[in-house]
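Listed next: structures, encoded as structure tokens.
You will see chain A twice below: alongside chain B first, and alongside chain C after that.
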Partner chain A sequence: MATVADKPRLPRKRSRRERRNDGGSALSTYGLLAPTLLVLAAFFLLPLYYIFLFSVALKRFSPTEALAALNGELNGFSGELWGNLVSWNVDVAVLGLDFAIPAVLIGVVLIVLLVLTVAGGRLSERHGTWIVGIAFALLLMPFLTIPAGNSLLRIMQFTSEGIQLNLFFKSVTMAMTSSVIAVIVAIPVAYFLAFCVQRSKYTWLLIVIAPFLTSYLLRVFAWKVILGDQGLINSGLMTIGIIDEPLTFLIYSQFTVMVVLTYAWVPFICLPIFLAFETIDRRLLEASMDLGATRWQAFRKITLPIAAPGVVAAFLFVFIPSIGEYVTPTLVGGVDGTMFGQNLASQFVGGSFNWQYGSAMALFLMGVVLILVFATSRFLRAGGGGL
Partner chain B sequence: MGARDSSTFVLISPIGKRVLLVFFAVFLVFLYLPTILLVIFSFNDSTVAAFPLDGFTLRWYELSWQTGEIRQSLSASLKVAVASAAIATLLALLGSYPLARRNVRFRPLMSALLLVPLVVPTVVVAVSLLTMFQRGAIPIGLGLPSIMIGHVIIALPFAVLILLPRIASIDRRLEEAASDLGANGLQTFRFVLLPLIFPSIISAFMIAFVFSIDEVVIASFLSSEQPTYPVYLYSGLKFPEKTQALIPVATIMILISFLLAFGAEAIRRYGERKLEGR
Partner chain C sequence: MREHMDRKGFLALSGATGLAAFLAACGGSSSSDSGSESVNEAQAEGVEAEEAAAAVAFDPATEPGGPIEIFTWAGYDNDPEAGAPWMWSQYEEGPYGTESPLKFTFLEDDGQALAKVASGYSPDITHPCIAYTVQWKEAGLIQPLDLNLLPDYDGIPAAINAGAIIEGQPYLLPFDVGFSCLTYDADAISFDNYGGEETWQVLLDEAYKGKMALFSDDVALIKIGHLINDSQAGVAPTDPNVLTTEQIAAAKETALKVKPNLRNYWTSQTDTVNDFLNGNLLATYTWPDGYWKIKNDEKMKDRNIKYMQPKEGRLAWVCGMVLSSSTKQPGRATMAMAASNTPQAGADLTDVFQYASAQQKGVMDLIQDKALISAFDIDKPEAWEPPNAWFEAPLPNYKEYITAGQEVKAA
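And now, the complex of A and B:
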């Protein structure tokens, strides 16, 4: 566990002249870098280039033409797979009202919102926070679910006639909801550890993080034991006599997947949020209160803005692995909880065997995540945290 | 750190503090409940992990001890984890040192390249490696070496994130002094920098190791006949009749991870106290 003293200190800026006096020749510098860069080029960039070739049908993998035809492979450049994936129309339902909108328009609106969140702070000193806040809320809204009774409620919903895109929207919703809930749960925990615990803070932090170090699969499995038809909750409720038969929505549903994803990542993201709170200079808070700020004002005007990069990093730490998740939905998702990652995986190793289409799906997923990271990188740089 | 101790002002109201304390307690229960249940079910005398409980037994421990597949998969995992953690740490060290110390062209681009596997979903890395190992320029096929390569790629950014800031934070005048006194580059590294960053090297290795030993996505795409432990576990969890024999191993693995985590923390504290005492 890093302490305040260990906090990454960036190398100070040095003049050109000073830089030239750097020990070591250029040859040794690049000689040291070369192995790492070579490994990344060969085993990270080159494979991505391969799936790019597959996704635009510039490369086929079947040994003969006949087999290729049998597999439904495309030969020669074609955008068909992409067209198939990102279908033209997207339906937007706002509180029960339906609109059909071209997918391109949705993309444009999302990109404008992303730009606003990036540039928001610079647009105006006074309203920047509000612009960023509203843009973020609009971005999040279509992708948040609220449990209501036995079903899940959405304020706004995207659907599409393209099966994969539809599934993608659903997966974004599930990943987004679990990341937001995870962050909301982690903030008070981190706040409590940073500001209320006086003694052996880091031991408590470790107690919080330790479950993350144990097997991910087993924690998923343990939830099956808790939420299953004969699990802790159902058998408990039936013993008391509140219900007569097991609640079915508890297991093999979207709800289960979101609970498990939230549970799995909460301990881990307590760390960046805790570090963000911990590095705040207490004297700032003291000064603000001496000057008459209320506790809430001190929290909103000082604690929250300083901790924001850590919170955003934490959000990404949950969202990125969740959006491509296929292990959790396979184990506890059932039909209702199917995610994009499962379909993507089945294009390569199971059921619907189609590497070309799978490649397009993989690149699409990566593209969306990279855009999101790019949009939030300003926040992360500001805090010097993580990425 | 004087600022932290001068908590004479009250940052949070007593009621707020109590609410947070209750929240924290509930959170800890939520966090540890699944693990505790697993331990309970490892002693439960029933073929399915479900309530009500059926009495105490040790037969699942016996069964998993006798299952050869479990031992083989554990040893496969261990090999992959040690190799990938060692390689990832070495590559991260080689990459971080020039980035922190030397004048590198396109530095932001280079460090971004080292970190970018972190923000690519693992399943994308897995399928792209699968296509390349089977049909691409480096057709080494599937198996433990392929899994190891995949784990190196994903663990590398974590190791860089630990090592790069650490190297950058060390006063470079120490190295300058050493070279003024006649040490060559290698000696400076070996006798000045290496001892200072050694704890970070260990923790980078540990992080990479812990990641690899629990990684299932890349491993399940790239494994051939011999599965790693998580892959074996994953296939076992999909078939309820295989599950019970896995729970005891799981319990033991969880205990080992807890011991490692708290042991590492104890060692770190001991080291700090020793430094302070000097």
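And now, the complex of A and C:
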């Protein structure tokens, strides 16, 4: 005989008061979000909308005809101008061997790699991680370099006859390399703070981020003193007899820009990585040790996957501002260290007077950043998405 | 009871906000258009004011007062350390010095200054170089000067003033004049390969690779490229201010060949002077004050520092003051400009910066350090004429120069 307890429970009818409370809660949630969304609309969506209109000559910034003529806004939409940002052929150098490959094909390969990075894990339960890892590595490879003196050692390199595209490849490479090195340097620091320091952990963290208490310009100029021909490093090396002449690549080069960018961002990205490490339940590590895992296995199987969102976020924190960098290459870039951001800025404030082109460049840059964020979004999910 | 907004709710809210932003932007467009109309009206008023300025003198006594903002190069402010009296003293000690005090902001280069003012910044006075006067005028950013308020105006030679007058109206008050050329260490750099004559071609010499620097000025890069081209072609140097599209393209190619030999394109003369003094450079593009600082520095006392007089000619500039078309105090601002045009201010310019002055009347007698006069040939007109020097002049196709210069830097 069925008891009362066995009867299926019907959803209880909610009282009017409850429904009113429910609505109020949603309203308060919307209310709390509203300032954020308004700021987003005012300072991101609206400018973005205008930049798009400027870029396709549907809107102009200058209030008078004379100013519009000066700023190059009376030319109408120019497909050629947009075309200047891309190129039909991209030269690909792999370990010193050069190939001219249609840009479209390069684009298709990059998109395939991107898709594999995002969804490769679903193709194979067993090898999914490897597919994702290899696709991601291939995606990064053309844009990574080892800053080794004047000739930057490259495994694979994209170049283009198109000046803007070439400059863009160079900027991506410099930003990507700085970001990867910054993350590699920051991980042990954050790991040390999270797992090894027992007392005054946050004091140590404050010490690590202390450089942020000084002006960015001051820090860049400090590097000029350190890396100059008569600077700390060259003088030191010459004093102990390792070199006779100063190492000129240390200052005013791509190398310098990457060193300064890496240095500038390491303290900042220690924070998200540190916080990611802090969230790891120590009992998991103990359990893995009890089950016979080595320290490296524990790090690879537990620490890294759980900390992956923090690491990827840290990478993006460096990459996104670095790719549009303007100040650092201007101060220490030399003739080779020019970056896309400098050229972009010059369209607006540097005397080029071409708002349409500058807007197109800005959209192009933002598009690439969005693609990258999309590619890495998989790893941003809690748990690392199965790294 | 729903505690948190779910994804659907969030997306709905985001979408609504996005739509609102879009509509706001559309609305903004129309309001912006109406804004344009009001600015157009203001512009029309500016044009009327411009026409009036030619006929009616400004009346400083009836102007409202308040700070007069001067957008100038670093160092041209009323820095007490620069030595007194300095270029603004006459105005500051005059009747409006307190009621309409001077306020200074600093520009980096001509292109940046014009772009900044063209995008909405409105100082009362700006200090551009003469090559850009036409662009300033055509963009409606400046107005003619009232010569009644410039008592020393006739001390400026017509040759220097030529580019400052457009359609018969004076739009720029020339102030500072100087050379732009290479300061180099003659103990380290030899011109034996060039018949012993100083030449811009030294920039192509790989023997000094990584030890030379140029100013990050797009136009200057192209002008230098052109002078090298003429020199290599064995022809007499031609005016780098009036290059054709083909000549600009050829100059760009030469500038690209120069690039690998350079250590950097500097943006601050102070930086390049320090680089030189620290042994990082053997030659760098400087203005006279940069050369003078390097030459007289203790670190260089045993070196033979020279300011190149290339066979193709030095580059030279004339800069001066322009009056904003939107200033509310055109009379007082003009009086401030007049202070910079006095013989004493001109003499101070040489003593403080080692530059020459556009004001020529009685200046030589007032210069305290007479050695500077001979060091920079300030009293020799022929030193300032082609082919010894190429003064800046309005560039008919300046955008081509800038595009080419930027492509050199980006390549």
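Some observations on this one:
In this section, the second predicted complex is superposed on the first by the 313 of 387 C-alpha atoms of A that agree within 3 Å, B and C clash if a C-alpha of one lies under 4 Å from a C-alpha of the other, contacts with A are read in each partner's own complex, and residues count from 1 in each chain.
Here is the rule we go by: contacts are C-beta pairs under 8 Å (C-beta built on N, C-alpha and C of every residue); 3 or more make two chains touch, one makes a residue touch a chain.
Quick caveat, the model's predicted, so the values are computed rather than measured.
Of the two partner chains placed around the shared chain by superposition, chain B is the only one that A:Gly358 touches, whereas chain C remains out of contact. After superposition on the shared chain, chain A has more residues touched by B, the comparison being chain B against chain C. Look at A:Leu37: by the touch rule set out above, it reaches both chain B and chain C. After overlaying the two complexes on the shared chain, residue contacts for A:Leu70 are found with chain C alone; chain B is out of touch. After overlaying the two complexes on the shared chain, residue contacts for A:Gly333 are found with chain C alone; chain B is out of touch.
Of the two partner chains placed by superposition, only chain B is touched by A:Asp281; chain C is not.
Of the two partner chains, chain B and chain C are each touched by A:Val349. In the superposition on chain A, contact is made by A:Thr248 with chain C only, not with chain B.
Overlaid on A, the two complexes show chain B and chain C touching the same residues of chain A, namely 22, 26, 29-30, 33, 37, 40, 42, 46, 50, 61, 228, 230, 330-331, 348-349. Interface residues of chain C, counted against chain A in their complex, comprise 1-5, 9-10, 13-14, 17-18, 20-22, 24-25, 28-29, 35-36, 39-40, 43, 109-112, 114-116, 118-119, 135, 138-141, 210, 218, 259-260, 262-265, 267, 275, 278-280, 399, 402-403, 406-407, 409-411. Chain B makes touch with chain A in their complex at residues 1, 3-4, 6-7, 9, 11-13, 16-17, 20-21, 23-24, 27-28, 30-35, 37-38, 41, 48-52, 91-92, 94-95, 97-104, 110, 113-125, 127-132, 134-138, 149-150, 152-153, 156, 161, 165-166, 168-169, 175-176, 179, 185, 188, 210, 214, 216-217, 220-221, 230, 233-234, 237-238, 243, 250, 253-254, 257-258, 260-262, 265, 268. Listing the residues of chain A that touch chain C in their complex gives 18, 21-22, 25-26, 29-30, 33, 37-38, 40-42, 45-46, 49-50, 53, 59, 61-64, 66-67, 69-72, 163-164, 166-167, 228-230, 246, 248, 251-252, 330-331, 333-335, 338, 342-343, 346, 348-353. The part of chain A that touches chain B in the complex is made up of residues 1, 4, 6, 8-11, 19-20, 22-24, 26, 28-30, 32-33, 35-37, 39-40, 42-44, 46-48, 50-51, 54, 61, 185, 188-189, 191-193, 195-196, 198, 202-203, 206-211, 213-226, 228, 230-232, 235-236, 263, 266-267, 281-283, 285-286, 289-290, 295, 298, 316, 320-321, 323-327, 330-331, 341, 344-345, 348-349, 355, 358-359, 362-363, 365-366, 369-370, 373, 386-387.
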